[in-house]
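What follows is a pair of complexes built around chain A, which joins chain B in one and chain C in the other.
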Partner chain A sequence: MSTAQATKNCITLKGSAQIIVEYLKYGINSILFQRGIYPAEDFDNTQQYGLTILMSKDPKIQTFLQNVLSQTEEWLSKNMINKISMVITNAHTKEVLECWDFKMQAEMGDGDTSDPTKLTATKELSRIQNEIRDVMRQISATVSYLPLLDCICTFDVMIHTLQNTELPAKWDETGAIIIQNSQAVQLRSFSTGLHKVDTVVNYKMTS
Partner chain B sequence: MSQFNFVSDLQNALIMDGETRGPPPRWKKKLEASLNGSASTTRSVLSVSYNTSFSGVQAPAKTPGKSSEGKAKKSTTTPTKTPGGGDRFIPNRAATNFELAHFLVNKESDEENEKATSSNSNESNVQASAHKGERQKLISEVAQIGDSKGGRILCYQNKAPAAPETHTNPLKVVYSIKTPISTKSGSRYIPTTSERILDAPDFINDYYLNLMDWSADNIVAVALGSCVYLWNAQSGNIEQLAEFEEGDYAGSLSWIQEGQILAIGNSTGAVELWDCAKVKRLRVMDGHSARVGSLAWNSFLVSSGSRDGTIVHHDVRSREHKLSSLAGHTQEVCGLKWSTDFKYLASGGNDNLVNVWSAASSGVGTASDPLHKFSDHQAAVRALAWCPWQPSTLASGGGTADRCIKFWNVNNGTLMKSVDSKSQVCSLLFSRHYRELISAHGFANNQLTIWKYPTMVKQADLTGHTSRVLQMAMSPDGSTVISAGADETLRLWNCFAPDPLAAKKSVSNSKVKQSVFRQSIR
Partner chain C sequence: MDDIRSSMDNMMARFNDDITHSAPKKLLFNRLSASFSDNLVPTPKKRRLGQESPNRSLNDSSASLNSSSTDPFGSWQSSKLRTDLIETKAIVIQLRNEIEQKTREHRQAMMLAENKSSALKQQCDTTCKKYLDLQRDFEMMQKRELALKDEASRATTELAQLELKYDEAMNKLQREKHLQVEDARDVQLCISNELSEYRRMAQRADLELQSTRNELERLRRRHEELKARFSGYDEMRGDYEKQTQNLKVANDRIRELEFEIQSYSDWKEVTKASQERLASIPDLMAEVERLRGHNKHLNTLIGDKLLLEEQVHDYKTRLDREEGARAEAASLQVKLTHVEQELKEWVKVAQDHCLANTLVSPMALRSRIEQLLKEDIINVAEKTSSASDSKHLLTSVRDLEQKCAIYLKNIEDLNIGLKRHKNFKERLQRKLITVSKERDFYKQLVENFDKDMTMSNASVADMTQDMQVRYRVEVLERTVTGYKDMCATLEREIQAMRQQEQLAEPAGEGYDSVKKELDTLRLENDRLRRRKEELELEMMHRCLRGDFNMKDFKVVHLSENPAAEAYESSKNMMEKLQAEIERLKRRNKKLEDDETQRLNETTSTGGMTLNFKEFNQLRADLESANGKMRKMKDCFKAAREEFRDVCYMLLGYRIDRIGANSNYRISSMFAEGPDDYLDISLNESNCLALLESPYSHTFNPPIDQQLAATNFPAFFSTLTLELFQRSTVT
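Moving on to the complex of A and B:
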């Protein structure tokens, strides 16, 4: 009986990865809308974390994110990711204009830590979601200070993994990106008990 | 001991780092000045020398594993844009994670100690393996900062599509100043200049406060700085009602429907009731832990919304004034309005929510859940207005990130219409004489816009304010709107005059000219 109770509120590495990937999905879509990268008509309302979040309807963007995030989830559940960067570039000049970093930090959780693959945390889902909601609110509030992206833009997701990660099919290795004259703003963090996620936006200062 | 030296060294280094982030160092200013002052030929020479030193020294030290594509990009950019210059190499301390490095150095030695001292080798092994993943990650993170070969940066081959070529960023309207968009002239004449301008020094420019109201007795109450003034719209007399102590201020003002008593929500979280005929404070009602930024009357009931996120209903007749407290917002409540039939209370907050509470459940004294929770706005909601001829219709307007005016049917909780106003919405009012509503906006045009309802066709833009319009109130006869702007002026607009056709017929020309003339004197 006691074990049944103990597992009631348990988050495993896999579950933690799921929560984070869900956050990334909503976060990236929200950024795409809030920053005006794609036309507003291409977005649909969804309710999540007690907020209305606009999700892209574009099938190409949907499949891209689906592919990237499913791979991300696999790596995250093995703790192989340092950082996920969403990079916004000028579609014509390829200049990097903005970079949203989602930094992952592994945490030990508070369950039995004898086996690193079976780490668990007992943080309540509603608490995690409240933390995520606060970050999402901040993301939509960034509009007031981030510079206007006044050009046709595109975006990419770069995953910073460990050195020994195998390159899956259809994936490429790429170089680090650099934003000239950049400014970074750290938003709130949230934690699942097993991963702590920091959200940072780097943007190009306009002189 | 040597470790402590290292720590202090480290701190010094970090402090230095803090300094470099501030104003540019003198050598840099000098360089810039010389660049700007000198002729273009010397400039190009300088930039060449700078370029070579930059790529020769810094690039290999910082990012040796960078792809050739990135390098090529760097060389093409103009050197004046990038910081640095001259022949000096300034290491980028911001990119070097001292704290992490120090932690790793210590941790490694700690762990070795642990291994050596621990009698139970099994336990230490377990711990080490548990730490291993984390450590490896940290190491790779450090390595990646210094050298991008330490980790791999992967991306998916099939990239996301670029936005269509015809797309322009919808946010552009927020950033670019344009002349007002031409409006379709409606069936009636609306004067687009203000009839009268009043000075309002020290009017607090705070989106979350409600600092003006117009009573049924034709008196405008306005809070300026720490004082509350009454302006008699009929006679033009000005009277000071209340003055708060240093640091305190009125956060919201609201007249009772009958128009004798003014409720003032102050910065300490109390709601004060003032008898304005006698200039006397009647009572003080506490109930909030933070400032009261919004108030709404419903006969003997005054509801107050506060920065602490709660809405409290006060019964002003009884000693135990606090009827109930509604906790539906997690952040400051900045908009509060009772519906015209007093059945519903709408509240808007900094948490981007619009809540609708039903009077039947909230009056009894139990904290209940809102009847509806609308989360469609993407910014704080301050502007709320109930439709006088459709009691179940609520209009709400969002802040800078949202810019939408939305119409809700509170009977079934649905969104009826949403219009992008292209600017922050600070206040909304429905006209009593026309099927129209007026909205107050901020950047870029700081205008008041009159819309036809329900078609939401723009009727007129009333411009004049030089900073955002924070608050609007309507005269008791419904013909005039007063607006308070962050430019410290109150402007009166005679935009809902009840009988325009008669006025047009009789003295249209002379009257128009007269008002323009009056305007130009000020």
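Moving on to the complex of A and C:
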């Protein structure tokens, strides 16, 4: 009975990566909506984490996020990611206006730590989801203090991986982004027991 | 009742007897009491006995006592007597009790009997009352019986009477019944008679109905006939209407014909006029010829005049041109003189500037000028080099001055340091003096102690205790005074030092420099602190951004990202927009050019406002012209009508123009009907031709022959006469 209970609440690296990727999916969509990067009519309501989250209907964005996040999941399950940045830039001038950093920190979990590829954690999914919900709420609340994006904007997702990572097809190496005169706000963080995710928003200070 | 009463009486008598017979019992009581008294009789005896007995008993007892002592037989007898006595006493008591009981019983029985008697008395009373009541009732019953008997007898009599009455009624009713039966029979007969009568009437009604139906049928048939006739009448009416319409049409036609006749007369006049004109054609032709010749002559004259005018114009232009040329020539001559003068001046200048022995020429002048320019260039180069040298020197002088200032500053610093060192040396010397003095004192003290020691060791025997102490005190006093002196000197020294310091302070340059240094250091400290805070903030930001050890990681992204796409599209759009801007600019320019052109045109024609004015003017003119035309038309119509009427009245024919092909209908004033008209058409060769009409067939010699014999006016006049005669005859 106890073993069954143990296996029931167990989170593996893969499971943790899945949870984080799901969070990233909803988080990025929510940011796209909240920051008004795409028009509001391109979004649909969905219920997740006990919240109403608006997801993009644009097939291009959907496929892009699908591609990026599947690769992210793979790398995350191998603990090869340091940070994932969602960069919002001016579409005409290419100036970086905002950067949402999702920093990943590997944790040891509370299971058997002898094999680093088979780490487990017994944190309850509902607790994790509650933590994620708090972060999502904060993301929607950031609109109140982030500067208005009054130009046509676009976004990109950049992943900070280890130097020895092999790049799959269609993936490029790019430079680190720099925001002139930036201001950073750290939101809440959540942990799956195997990964701790900090969400930080860097934005350009308007004089 | 009497029996009951008697029996009751008997009962009462017996009861009374019983009561009375109880008297002997009473007597018995008496006897009993007598017996009691009998019993009582002896009691006094006994009492007597008793009364005696106590004494006796006492005596007995005494006797017994005595007897016991005296007589034993007597004692036994006394005891026997005593027992008897006791026995008798018990019996007496028992009897007394019995008597009391009996008396009580007797009393109770008496009470019971009394109660019974009273109850019986009451019963007797009640029964008496009842009896009386019953007797009364009985009497009443008897009375009632009698009354009832009377009634019964009466009733029987009444019954008999009623029987009689009913018999009579029965008879009467039977008779009535008979009568009614007879009536019913009569009524039945009557009804049957009536029924038959009704049947007959129904038959008759049936017959009547049949007859009426037949009649109805007949009427219907008649109605249909009438309907048919009515439809016939309708048709007739339609025919009639048609005829009337035809009549109207014919009348119209007649009128038209009349009008035609009238118009014909007009035409006659017209033809007359035209014939006259035709007659005058040759004259006109001659005139025309003449006029043509005249015209030709005029044309040639005009051509000559035009030629002359052209020649004149040509000459005029030639004259103008020549005048212009003359003026130009004059101006050119003036210019020529001016230029010659200038040339002379130039030559002079050349002679002045060129070398004396060389030929004066522009080339020489040019070479001279070039030479001068070269010299000038060399001079300028020298000048610039010397300026740069001077600048260089100035900078070196400035450097040297700066160095000099630095050296001076150094010298000052060194001087200050020297002064400070001097002060320090003085202070050290003073300190040395004080220290040496102290050393002397300490030496003295040590000596004293040494002396003390030697004294205590060597001269114990020599000196007394007192002496020793005195000596020591003296020594100590000396040392104390020495100390006091030293203290005083030291204090003096301190005061002097202080004074010196006070004196030195305002004049001290070291203090100022130190202060300045302090200030600068403080400023630097603040600056550094701010820098540190900034760096801390940046550190925190860096920490938030997490870009430490960034060289361990590489940033990757999907090449097909929305940003790249957006950049591409924006670039494309920019290019497109720029192209469009170019296009629009060109178009704008073109439009502007057109606009200016048009503006010029409009200004040349006098502008839009003028056009509008003109337009309005034209519109007003048009309206007035239209009004005039309408007025003319009305006027013409009225005149035409009048003319037609007058023609009709004068000539007796109305000529109406029918259709567009110049057909004319001629109807006479004296025609018999509106259908009597003649159709005539005018063909291209201005010839009148008669057309067929119903009226044209009615002429007895065919109309063609008549016309062939005469012409139209003659024919119509004969026709008029004929018709007039016919109408007057009828």
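Definition applied: the second predicted complex is superposed on the first by the 205 of 207 C-alpha atoms of A that agree within 3 Å, B and C clash if a C-alpha of one lies under 4 Å from a C-alpha of the other, contacts with A are read in each partner's own complex, and residues count from 1 in each chain.
Simple rule for what comes next: a residue touches a chain if its C-beta (ideal position, glycine included) is under 8 Å from a C-beta of that chain, and two chains touch if they have at least 3 such contacts.
Note that the coordinates shown come from a computational prediction; the quantities given were computed from them, not determined experimentally.
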| item | value |
| --- | --- |
| Chain B versus chain C as contact partner of A:52, first or second or both or neither | first |
| Which superposed partner A:67 touches (first chain B, second chain C, both, neither) | both |
| First (chain B), second (chain C), both or neither touched by A:10 | neither |
| First, second, both or neither for A:101, with chain B first and chain C second | second |
| Touching partner for A:173 - first (chain B), second (chain C), both, neither | both |
| Touched partner set for A:161, first chain B, second chain C, both or neither | both |
| First (chain B), second (chain C), both or neither touched by A:186 | second |
| Which superposed partner A:200 touches (first chain B, second chain C, both, neither) | second |
| Chain C versus chain B, contacts on chain A by residue | B |
| Contact residues of chain A, present in both the chain B and the chain C interface | 60-61, 64, 67-68, 71, 82-83, 91, 152, 154-163, 165, 167, 170-177 |
| Touching residues (chain side chain C, partner chain A) in the complex | 541, 544-547, 550-567, 569-570, 574 |
| For the chain A and chain B complex, residues of the former touching the latter | 34-40, 45, 47, 50-52, 58, 60-61, 63-65, 67-68, 71, 79, 82-83, 91, 95, 106, 108, 113-114, 116, 137, 140-141, 143-144, 148-150, 152-163, 165, 167, 170-178, 180-181, 207 |
| Sites on chain B touched by chain A in the complex | 63, 65-67, 69-70, 73-74, 77, 81-83, 126, 129-130, 132-134, 136-137, 140-141, 144, 148-165, 167, 169-172, 174-175, 351-352, 375-379, 400-401 |
| Residues of chain A defined as touching chain C within the complex | 60-61, 64, 67-68, 71, 82-83, 85, 87, 89, 91-92, 94, 101, 103, 152, 154-163, 165, 167, 170-177, 182, 184, 186, 198, 200, 202 |
